[in-house]
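Reading through the structure tokens given below for one structure.
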């Protein structure tokens, strides 16, 4: 008789995959929001739904941690990972909300590059979550996220230097600065998730 | 013969209650600072005293952790909780200091709403601290803090959109943005405290 | 027969000392960048090299943690300390990068005072690292860092009040605000390192 899968542990892995899948949806809506001629009201509403769905998944993970005796890795790490994935969604939601509220007219091209990096981070993260099961080939994931975060960081500073160059009016600079900082915050939040995964992998190895 | 209370553990609970009581004082002084016609110098001085008293309580908790063999919950969690409560005080103190230093004239109404939320957070937190003893009915506390934090977040974005609307001069926007971000930082700091309490409760359950 | 030193543990202490030594170099380059008439391109290039060297040390520490069975203190604490020291370097590198990119002309004197505090933090931190071996006289270190951080905090708020006074143009204020916030971020990062050391010392005592 062979070994049976442990259903409780599997539920955790499925939920982390679900949580990361919400980020792929969120990143896609974020990209829509930055598209010229987008129906910003409609995209923001879809984003709100995606954010609520992500919240639900996070709460389910926390509920399961509280009610499960044996967890696949440390309770606090599950908690950190769930919270970290949720933080990314919050940052993306915030960026979409700002785009709607601030009524920004012109978008410097650097911002679209940041949104592209965010989409890539979301895909890489969603790809990595199922590998938590075996703890294999995870280092590729966090190395790639670190690379993307570095690229985002450099791009962010160039965007700021461009915003401060005198080409834009002060109030427009303030709006765009807030939005670009939130995009950078989303990339940083992806990096925190990768750091958490790295710490879990270190403990399990 | 009945069980006796464990005096060392009780001391910790009393100190956390004391720490949260400082936050109620701080939030009340913060509200005074935002009142039209306030003697800002006097309020800022009272705030400085309140902040020092809070610092003292924090140091006493840390000292007790270092010198006590048995603690009511994990040493690191006690440390996190003490540091988290102290961070809230620092943010409130910073907001008061900015109000004094920046010589702000006109205050948008949204800022008073944030101050009201902060007072409510302080009360809810102070109410919850004694319940650490039994670890009962704590979920109501963190759910309420999360609700307040969400409300604060939405309000914060509306304040920024209003500041960027063109009604204010650039330099006035910069001052008010700094102040409103510090108020939001105080609410976030309350949420971190609630998260720490939630994590402690998860471990103890 | 006497006790032998444990070579693996010693390697960790040496690496933390190396990591902190990079911060002394970085702080010195940061000071160069703020000197009137500096060759900013050349200093920024030297900073990039220093940042890469610091990255290397961090990665070596993480690699050693992953491959070592017995560590001198908790794996996660080694990880936190290494990451914390690395964060300081990143903030100093960011400040240098901003000085280059933003093409700031005039520097308010308050910024040089912040750079002086950063240099002092770096020296105090580098002095403390070898004392991790014995865990003795470390409290002087974190008390001094807390004192420096408090001084930096007060100075930071005065700088902002000065920037908002109406003396500078909006775009110049935005540039200088970004730079001074990064300097404050570096000081905060030193404080986080000190907090990590304090937590390690609490556990070991």
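Should a chain be cited, it is by its letter among A, B and C, assigned in written order, with residues numbered from 1 in that chain.
Going forward, a residue touches a chain if its C-beta (ideal position, glycine included) is under 8 Å from a C-beta of that chain, and two chains touch if they have at least 3 such contacts.
Fair warning: this is a prediction, and the values are worked out from it, not measured in the lab.
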item	value
Chain-level touch network, classified as line, ring, star, complete or other	complete
Proportion of interface numbers common to chain B and chain C (over half same, under half different)	different
Chain B and chain C: spacing of chain centres that average the CA atoms, whole Å	28
Multi-chain contact sites of chain C, meaning residues that touch two or more partners	170, 174
Residue numbers on chain B that touch chain A, as the complex places them	157-158, 160-161, 164, 166, 170, 173-174, 177, 195, 199, 202-203, 205
Interface residues, chain A side, partner chain B - complex	62, 65-66, 75-76, 79, 83, 94, 97-98, 101-102, 170-171, 174-175, 178
